[in-house]
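Across the two complexes that follow, chain A remains constant while its partner is chain B and subsequently chain C.
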Partner chain A sequence: MAAASETLRLKTPVSGMVFRGLASFRFGATWTLPAVAVVLLVVYPLLSFLALAVWPGLFGQGSGGFSLQPFAEALNGYNIEALFNSLWISLGAGVIGTATGAWLAWVTARTRLPGARLIELGIWLVLLLPSYFMAIGWQTLLAPGGLLNLPWLASIVLGPIGVMFVLGLKFMPFAYLTLVSSWKGLPEEIDEAGRVHGLGGLTRIRLALRLIAPGLAAAFAIVYAEALSDFGVAATLAAGVNFPLATYAIYSAISSQPLDFPLAAAASWLLIVLVLPAVWLQARINRHAGRYSVLTGRARPPRPRRLRPAHTLLHLGGAVIFLLLALGVPLIAAAGLSLVKDPNLGFAPGNLTLEYYARVFQASSVFGALLYSARMAVLSGLAAVVLGLALTVLLLHRGGLARLLDWALLTIMALPGLILAAGYIFAYNQPWLPLYGGSPLLGMAYLTGALPAASRMLLGPVGQQHRSLHEAAQVHGLTRWRQWLRVRLPLLATPLLFAWLLTSSHIVFELPASELLYPPGSPPLAVALIAYLHGYQYATEAALQIVSVLIVGGAVLLIRWLFARLVPAAWRRETLRRPA
Partner chain B sequence: MNDAVLTIAGAFKRYGETQAVAGVDLSLTSGEILCLLGPSGSGKTSLLRLVAGLEHLDAGELRIGGEIVDDARGAPRPPERRGLGMVFQDYALWPHLSVLDNVGLPLRERGRSDWRKAARVALEQVGLGTLERRHPYELSGGQQQRVALARAIAARPRLLLFDEPLSNLDAKLRDELREVIAHTVREAGIAALYITHDQSEAFFLADRLGVMRDGKLLQLDQPETVYQRPVSPFVAHFTGAAGPFAVEPLENALSWAGIVAPCPPDAALNGGGPAALYLRPQWLSPAEPGAGAVPGVVRVSGYAGDGWSALVDLPNGSIHLRLPQRVAAGERLHLRVDWDKALLYPRDHKR
Partner chain C sequence: MRTSAIAKTFLAASALCLGLSAAAHAAQPLVIYSAIGYDADMAKAFQKATGIPVKMVDMSTGPLLARVQAEKQNPQWDIVWFDGAEGMRNLALQGLLASYAPKVDWNSIGRKIQPSDHAYVASAASLAGVIVVNKNKLPEADWPHSWGDLTNPRYRGMIGMNNPAVSGPTYPFVVGQMLWRGSEEAGKTWYMGLKANGLKTFRTNGVTLRALDHGVIDVAMVQNSAGIGRMLKGMPFKVIYPNPVTLLPRTIGISSHASPEVRAEAEKFVNFLLSKRGQAVAQKGDPTGDSLYYPVVAGTSPLQGIPSLAGVTVQTADPTVWGPREGDIDRWFTNHIVH
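Moving on, here comes the complex of A and B:
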């Protein structure tokens, strides 16, 4: 009682307001740099493009001021059908990707399944492969005159169901990588407590799933949003069977005459509406991230468990089927095409050839494209991880700005790279910012595209770091900078490396921004690949695909191997041993 | 002359609707261990976090070593510049660093070139000299908390903070470790602010003991004073006294369910209204039936090594007693009360 009345009388002294003012200034300074970056990379280009939907004459093209005509067009038959298709296909892909990702993440993080490292390698390869590889693989395999003559399978795969499965499998690695961290951050005591208290297997699975629910929801949001924004499958497999998706409808509007940027902008607005539920879900999880903070200095890292033989067989069988569907098909198709003189004759001895591979290495411009893309990917990936980490830390703050940032990031993720790139053309081809046509602008587009995934991958690990670990550092005299250097960054080493490898290997094959923004004379890898495709040099294109996958995959493995050799074991929580 | 290591004056802190700290004043001299005892939500952790600099005052003033570190006006001095050592409830050891590095990092941070030597000295002090190459996950809970203690004392801070350091340990380890803490801290001669909800821990360690409730410091005294003369029913109860037993004051006497007992001399009863009686177990002993003897019935009893532990129902309440001989459940007995020590409060006492 007494406390309450004293509280009411308590007033903030004037000098207290000065302190609060200073504090909010420091708060402002913390936010300024990331805010400027977000404005330059996202807000300015995106809004200037999206404004075209209601103001078609913004950049002097077209005529007039405010108009809703673009929206009327975007809501007509073809465009609205594409939008609806995108919605249900992405929801299905989200379910497929999250379920598969949760299962495979559990298998590789918490069990001693033989071949777990191969499964992990396979998932990385699925991640490396751009979605158009996978789609082209299924097409070349099953299309009439393709490598496999199975009309019943073709009728299923070369249609909406196939599109959904290809998208779900393609974007499953995003869910997998999010959930590996969740599974590893879940102390083993949780499961042990369940066993001791007599909970059955199913109950314990439900309990564990509830504990990693934030990770599951984040995983679903990523897969759903990635599927919505995908352009590779929409432009190949889906377009090939006349199944329109929203991204392809937008692309059609700005690639075929007459160019209709206002229509593309209006269709983009509608796509953003589709992604709002995912944004809402994600924002809720972030607000409650602290509640799920389970990884403390005291908790022991989980020890992988041995499976019973029957379960081992079951999980192994499932993993093999997954890898066959997601990896086997595109790689077998590409390898098949690149190694034979005539696809119709199959793998007869006289029909085999290495001539297409020789062509890849002989043409210096082709190999140059791979080198250029690799350089861009390493640098933009690094920038994306650094900026992504800064944004993640801000995301974990409470308050409206964090929520706004979170919405912005998920919106970028949902937006097709093509749309962002189109925005870059508008925004950076102006007299006040003439960046169009140079590598820096392409790098900015790569960085922006990679930012949401990088920041989302770091969200779990950063959020799960128990605050007493850095409070202990603070109290014992470590400055903020040193807290990061000595305590927080080492504990984040593994997720940071994963984020960098993921974003970089993704950027190497990036298609839409490369296509729209590459500097004249230096085509990136994806542009070169598509050029072969359009030139009907399928076998050479397939050979270049295989070479790129091998080189990028080799680099990823080499870096991971070096990481395991050079970084102290205690920094890599997955290798921690239990007390004797 | 003022050798206060820590001075807190008029400290207020609130989180939203909750007033966590409501006008606390205390000071701590060098070499002194001050324990703050209170139930969860009493504000003791908030007060500790304010001292650590992990939270900032809404009003009041906080000095460490005579210098103002937070006065709710200017920018508070950040934790890393307050020269503290702290032992956390969940140990908060850095999992990627070895034991030696965990203890040594704060020393290196202060630019000590002999950090290895100093860290080893601290590890020897807590009895962990041989485990310096291990990582936290390779240690038991008790060992981890010893490392945390070594980390806190290694740099010889002017003030040590303890945030319920033993609450995650089992009883035996708790007893063992509180001795390690008492010995180590006293040997090092560092002032310590120690918060806990365990009264035996607080009584054992404290030079002075404070009891907190609802953000207020109800009493701050030597442990024996808090024990013998708790200022309020809450303090009496929280430090282990049984009660309240409803009694009616008479002229120079008390009526306890019809039994007339001599009234304690300094009972602070105003107006002679209804009163609440609190008793500590050792103030009662078995006696023959007779004038002033209080009747009781044993509800449950069991052997406890140096006697029998029994829960005995008295008029209007019950009490845990240690009895010299075996008693059976349902057995009736009479007890003599050391009325000079008995604690009496007005029944409408607010705190």
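Moving on, here comes the complex of A and C:
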């Protein structure tokens, strides 16, 4: 391999035949393994499920051959209503998430607001918490008999507006992460020029927003797609008030009598149709990002600005409200539920108890579930980062295959995990491919779900490595693998660690694939959590939620601390300039 | 070159598969898919008594049936166990169940709910719908005593029930009203009357009873065991048994795909469950939930707190008749009553 690449680069005079042969070998070696992985992990299982929409007789599900009947059913009253609800709720969530994300990204990237680090930490925590924690938090707080007796607020939050709002807050971090780099890339001269010409504040804000328009559009597309594919809020907050969303309608089709997989597949196609414009927009922006990055070329990097005291207060107040709504509510609600004997008496001293926490620690099966999920998360997260890195390198190539890969990854990001999990059963419960029923397949599903986020997080840092770096290494006689080992991977250490931590902590709480694919006898954490809800043990469920969030959060902090202590300083150089 | 890379990957994958299937053949554990509150205790006791290892997939009925249905071509379970006969009948119609008739002395309830073709076994029963009132909100003089009372304007906006499309045990209750009133249409008319009287619908027993506890409603129609369980937990509830009540069988089925050896193990499990020892485990495992059932074998009495059904008219809905109509009736309910 290494010899081949050197041969190519040095352009040794060889005959055209050999040259073409070697080129195709290199192309093949670079693409074959990742392509096989993508086909096995995504294309084959997904198509297995989606094909049921037009071929209901597949996998022994319905009867007969080609039919459009499932689509006719998917377009009936309940399903089409759910689809329409999903559309406008996700558009609204996109606006809320993008606006909040743009504001917080500006505050942390362009100002010297005290506590900006805490805000950033809070946003990471929002990213880590599963959406059902948030939704259950609001329900615990505001449902009749909940911790807060505010019927007027309950009537707003426990309904479509609340669903939109919670989805917007939950997926805001995606907008934030996209927009931080946009704000950092916006040269300061523009604003200065505006001031010199005496433009008003509003006009300058409008101008700045126009300049980061690609970032805003990308952020909106991600939040919209994530909200559309969310299941946690759809199954709790929305279903609790009989407000159907598309992902829940799909779930209903395959979990209430009579079970109808072909209908679920047809409904999934329709959901994908709604997601596609966002995927297309995102892919287009990614491809043309170069056009806008010209701005940064000759410009000075922006200096964080000191805010006037009144503005500091305003922004700080806003950030506190945001953190309270997004993090405070679920955590306070879970703590309120799990620490008191009688929820109606509140935090009175005689009403406090640790009984529910004791129950969590006494139930050996629950602890086993936590350990199993932790092990699966660490391994699948690692695999997702390794494969994610390989795919990222391929994504940076030019050409049709890279574009196809980009589309595949964005489609997984937008698809409900439930669909992928059901596809895994059909695809891998075959006599000739009996992977279903074991931990490896559950791990594959976790890995696939985590892949888009992992590769997206690595896209910036890998893309930033200038080719002069490799050329210098090559001049010094380093082979391709040594270049990776000695130069590129050390420089990527921080983003790789972050991608691993993020994907692993997501996997610990993953629900849909866990439910459909867990091996008999080894329930993962999310299944144990839902089992408590199913047995109406709300307080114990809340205690387990708090315990697992603390354990996962503690592990993340510990690993970061160890990383800062043990890894050579040179490897961590990117911490200072890490693109978000 | 590319071909060889692909070939290697497939070789590695098939080696992995072979390894996995070899491992699966070595042990012969009994795989149970279940949605019953005391299933884990039962599995432990069975394993202790017989030495047969048990592996559980334990979750609520909805996702459990989704898994069973998706696995249809190559079922991984040996036993499936949940509340409701319609879902089980559906599995039987698809040829997924091996019939089994345990030699057991059934009591009168047991005889009533065993399927004549022995496609599955009804291992216990509860009541699909009873009336539960909040004693703190509704004085005793105002308690409803018959199903007919509930359309009385006195209860306007005070009544709640579950959505049958979401809550498994609610479908037999909905059907029970149709059965008793003589036709599907007559039942629908009654539900429309309830809706006109301000009926509120919730997702499941738990949510409906929470609403009852918090005063959102004063009267709930839910599964009897859920109401009794809350009473035992100290909630100010009273369970009322109007005529008639509909039985909700708890059904257990054996896979037709299981090997003869595993099938014998599964039959052992069913026999253990119905034995004195098994019944003791069942009645201890989930004391404020699924343990609150009516036994189906002679010689076992229900737990304290479960009143005798003497004097109450008990009916059963034939799953072969009502099972196939479930989709249509649930859809009607969702479109006309829930929304």
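Note that the second predicted complex is superposed on the first by the 456 of 580 C-alpha atoms of A that agree within 3 Å, B and C clash if a C-alpha of one lies under 4 Å from a C-alpha of the other, contacts with A are read in each partner's own complex, and residues count from 1 in each chain.
Basically, contacts are C-beta pairs under 8 Å (C-beta built on N, C-alpha and C of every residue); 3 or more make two chains touch, one makes a residue touch a chain.
Because the structure is a prediction, the values reported are computed rather than measured.
Visitor: Could you look at A:555 and tell me whether it touches chain B, chain C, both or neither (first, second, both, neither)?
Guide: A:555 sits against neither chain B nor chain C.
Visitor: Which partner does A:148 contact after superposing on A: first (chain B), second (chain C), both, neither?
Guide: In the superposition, A:148 touches no partner, neither chain B nor chain C.
Visitor: Tell me the contact category for A:99 with respect to chain B and chain C: first, second, both or neither.
Guide: A:99 sits against neither chain B nor chain C.
Visitor: Looking at A:320, would you say it contacts chain B, chain C, both, or neither? Reply first, second, both or neither.
Guide: Neither: A:320 stays clear of chain B and chain C.
Visitor: Could you look at A:390 and tell me whether it touches chain B, chain C, both or neither (first, second, both, neither)?
Guide: neither
Visitor: After lining up the shared chain so the two structures overlap, which partner does A:118 touch, if you call chain B first and chain C second: first, second, both or neither?
Guide: Neither: A:118 stays clear of chain B and chain C.
Visitor: Under the stated contact criterion, what part of chain C meets chain A in this complex?
Guide: Residue positions touching the partner: 1-2, 5-6, 9, 13, 16-17, 20-21, 24, 29, 31-33, 37, 40, 54-60, 62-63, 65-67, 69-74, 76-77, 86-87, 90, 163, 165-166, 168, 171, 201, 203, 206-207, 210-211, 213-216, 229, 286, 289, 323-324, 326-327, 330-331, 334-335, 338-339.
Visitor: Sort out for me which residues of chain A touch chain B in the complex.
Guide: 1-4, 6-7, 10, 12-13, 15-16, 18-19, 22-23, 296-298, 300-301, 466, 468-469, 471-480, 482, 486-487, 490-491, 568, 570-571, 573, 576-580
Visitor: Any idea which chain A residues touch chain C in the complex?
Guide: Checking each residue of chain A against chain C gives 24-25, 28-29, 32-33, 36, 40, 59-61, 77-78, 143-145, 239-240, 242, 251-252, 254-261, 365, 422, 425-426, 429-438, 440, 515-516, 518-521, 523, 527, 530-531, 533-536.
Visitor: In the complex formed with chain A, which residues of chain B make contact?
Guide: Chain B reaches chain A through residues 12, 14, 19, 22-23, 52-54, 58-59, 72-76, 78-86, 88-98, 105-106, 109-110, 135-141, 144, 151-152, 155, 161, 168, 214-216, 350.
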